[in-house]
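This report concerns only the one structure given below.
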């Protein structure tokens, strides 16, 4: 019974949160919450790759981009296509998943740090292609991006039109998807597949020897993680109404990684917390500028430098002081705190590279 | 309860951040939002824009404007969109929430476009002093205006200058693959070809590149009469320098993004003779231009690029309010779309889309280390 | 108690006594022949040992049989099926499972989770099933957990089921590795120096465990330094020296082989 | 043909810069097996310090090369200090941690350095004073400037010096021993901590020189100039065979030439479908191809065994 009460309390909180926020702080903050929910989805997706399977991916934003462009191209005047969102979102997630496998297939036998660099390169390659595929045929709109993207429509109702303000309607839609991704993450973590991911993260050679086809299982991690990113990208495009390559830079990838690392790799609640923290904190830092102005009469430290400075510092400090994140999962904490032998296993993990 | 705690903490954080806004005095205050990248690599240009708005506000406040029988003063709300489309929509929403009556901004096309949907939904007029992409005003929003010529208009003028004045028969184009650089380069290409020039090369770089030798060498092999660059000063300067180092003596033509003091600093002596365009008329020829330059430099230092336009945009908003006798966006918006006034950058009035009507474009050349308007 | 497995072929149906046949296996590393022309046969239900001085090629052969290395020459069959060149995961699926000399457990997973991972290749739960949590997936999960519990019981670790693998004692970690390997339902269980680092007490109980496993129908291959243990437990053994097989047979026979004595005493 | 020659020269000069930066990656990777993500940003610090000194002295009447030399003398210790601090604070405590941890701190250090530099030197592009002669020599229809020759010559000398340092000195022996097997090296009386520190400091000194060259050559410096440069140099190191000094040199040159030729000729080869707009992609494609088909690089020893 207590469990149901708790559940009801959560539900009430999540349902009332946007209205409370809207009343207290204005719609801006509801919009920030909307984006925060998108980041929750992205962070959960990256968490599958980094947290569950232990593969460092620095180009994750590419999948976000694939989803966003899928939506933009299939529901805008660009090609004159106006497919409904319930068709496009799965297409976007699927396409992102395919890209995830494309990235994974040639790179999975690389060691952790090589993988990081290659994924980073992959993210840049995707962005550069999006930026340049306007010639000789205009596919992506090039640097100009795609505008006038259809808002998400439920039956005859566009989420951009009344009743209610767009930021509220999208909040509930995003909430639904974020909860779904969290649910899927949780189910996956405690499944046969999730155990296989954990085994690979712990000791890839032992996992392979126990009959886990590490290549397929890693590919699956990439594909699943990527499809979360694609889904989130589709929602982003519908919400913003405009996409351009500027939104999908390396900085975004690093920000999403920071969310996962800061919150606690592999720990779903921690990752959600990390995503909320890092998407809300920079906005809060906006108020530091005026505060400094009033305190010192001038801007001493630029708020946006402060934002990036904090990102960098937090990555270092968290790894040094709380390697399992601010809110670690019990198991992962033990592992990251356990120095010696895990590292030794990873370092001696070289065998026939031809696999 | 484990899940609840951080959520509550997050909410508490939000609440803490909400600083109470105070309206100064009993005066009747109009809020104008000014949005540009105030941080990041374009912040010197963004700050310049913001200063233009502030100068206009100061002037209006000093003049003691009366609207509807009440004394009005302007409060400028500056926001930083970091040149990022997502952040742009957040600050747009923030300004709408804070009840601004008009917007001057955003700086980039990539931020002006997503933000324009939010301003349009809220019915608040938005004048961009520097976004030049044609799509910005092409979305069909009634609230969207700009006081600079768009890529179409500027590209046409640049091409005309290249083919008619400089008599370039062969041209090479470089663009930086940003919305701005690619937009202007494509328009230039179209019109230059129409003007009879042959395009011998179209090369590309990026907005954080420093090495242009490979593409310049490739262009050198085609020996065009003129090299056109669509992009910002930070690349145009070093590019010009490397061009001269490679022994390429042909003319260099840039658009408004290159026409800054920064360009001359970065290119050094190689800057001499470079051409670039800027929307509007040369400041020194405008009635209020000289005064503007003096006041601006006294207060904020050298004009970078678009502060005269953001100044004019602010003036256009306030003039429309004055003529409509109301600061209510719904009331003064129709007046704004029909407005006729003289700004420091030239006469200002808008066409049906919100683009500046008969927007003039002036060409400049670096002579003796500074930009000089060509007749 | 028998090993809880579902797909074991009844002994009566076994036609061929030979479980694994290796022919002429060779492997070089950077020009050096680590192994050349080694052939051996392992019969069903026996404990077969592989001994030899350091650098004799035992580990290389072991790694070839478990799929870590590919042989440069030769081949080997498990129940008549060609295996050479298969990946380690395919080896496990085909019925060759292994342990590691320097214990490679999933250190931060509990004992039972370690064994559950071993069930991976004998189960088929998909992503969709995991997300939907349908009855089939739930039933399979339950079976995996049951099976793992049985196996922990079998090796005598049931009371530590929820302890982290890293916190188990050394001997228990060895046992857990065996339980994890057994979860893959091997036909041939390959053990890489299972007694390394064990005290005599632990070695004795390991011996009992290995005999139990053999009795329950799993063929065992072990590499071992501890000649005493080997001689006491194995049915047949092969001796490698400088990458070549120098002797094969029952322990008493091999012990008296002059080549073996020479290899071990280092008489040139 | 002179255009081709010019592109080749462009490529060699660019490649020499990549090589010099790649040496730093290779040194650190060789000893510790760690990609020092912040190495590119140390290059940036070197560029910024040289530029600051050069600006201070540009009106002093001192000859250009001397000013540059003084700038370098200031930049080298500054970068060494930065490198030393990074190793002590961000990497050493994590030496035995799982691989992911030092990678993530490395990214953090990179972000931190960039933003600190931005606060110190501002966000604008800074121009390097014109202190070196700009005259060019004509060689077979192509032009070469003094600084281009300087870049190629000094990176060759550096490479040769480093190579003999590692081959012939006691320090080099200790470094190689550490790279081979840290545990055994400790037993043989090598102070691992000291060796790692020295490696970082050495790599940072090379980065300082690279930074000086980049900023003087392109005449510009900027707080985020190091990241992409670092990535490309890393690619060069991998291409040549990471951990291998001659490999870094070869990889750098090759990558520089590939980029120049690619940007110069890809448009013509593909009929205008792909051109210099894909210049930044080449490095990443090279990286991926190398890692797939020859993970040990061109000159690297084979790691592990391949069937």
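For clarity, chains are labelled A, B, C and D in written order, and residue numbers in each chain start from 1.
To be clear about the criterion, a contact is a pair of C-beta atoms (placed from the backbone, for glycine too) under 8 Å apart; a residue touches a chain by one contact, two chains touch by 3 or more.
Being a predicted model, the structure only gives us computed values, none of them experimental.
Asks: Farthest chain from subunit D, going by the mean of C-alpha atoms per chain?
Replies: The chain lying farthest from subunit D is C.
Asks: Most central chain by CA mean?
Replies: A
Asks: For subunit B and subunit D, what's the span in angstrom between their mean Cα positions?
Replies: So the centre of subunit B lies 37 Å away from the centre of subunit D.
Asks: Using CA atom averages as chain centres, what separation in Å is found between subunit C and subunit D?
Replies: Roughly 48 Å separates the two chain centres.
Asks: Just how far, in Å, is the C-alpha centre of subunit B from the one of subunit A?
Replies: The mean C-alpha positions of subunit A and subunit B differ by 33 Å.
Asks: Can you give the whole-Å distance between the Cα centres of subunit B and subunit C?
Replies: Roughly 72 Å separates the two chain centres.
Asks: Where does subunit A touch two or more other chains at once, residue-wise?
Replies: Correct list: 131-132, 302, 305, 335, 342, 351-352, 354.
Asks: Could you check subunit B for residues that touch two or more other chains and list them?
Replies: Residue numbers touching two or more other chains: 39-40, 177, 204.
Asks: At least two partner chains per residue is the criterion; list those residues in subunit C.
Replies: 69-70
Asks: Within the complex, which stretch of subunit D touches subunit B?
Replies: Interface residues on the subunit D side: 3, 6-7, 10-11, 13-14, 123-125, 127, 130, 134, 136, 143, 145, 214, 218-220, 222, 224-225, 228, 259-260, 262-265, 267, 275-277, 279-280.
Asks: Applying the document's contact rule, which stretches of subunit C touch subunit A when the two form their complex?
Replies: Against subunit A, subunit C makes touches at 66-70, 87-93, 97-98, 100, 104-109, 113, 116-123, 125-127, 129-131, 133, 137, 140-141, 144, 164, 166, 180-181, 183-184.
Asks: Can you tell me which positions in subunit A touch subunit B when the two form their complex?
Replies: Checking each residue of subunit A against subunit B gives 6, 9-10, 13, 17, 20-21, 24-29, 31-32, 35, 131-132, 134, 142-145, 147-148, 160, 166-167, 236, 240-244, 246-247, 269, 273, 276-277, 280-281, 283-284, 286-287, 289-291, 302-305, 327.
Asks: For subunit A, which residues are in contact with subunit C within the complex?
Replies: 184, 187-188, 191-196, 198-199, 202-203, 205-214, 220, 224, 331-332, 334-335, 338, 341-342, 345, 351-352, 354-355
Asks: Applying the document's contact rule, which stretches of subunit A touch subunit D when the two form their complex?
Replies: Interface residues on the subunit A side: 50, 54, 56, 58, 106-107, 110-114, 116-118, 120-122, 124-125, 128-129, 131-132, 135-136, 254, 257, 261, 265, 301-302, 305, 308-309, 311-316, 319-320, 323, 335-336, 339-340, 342-343, 346-347, 350-354.
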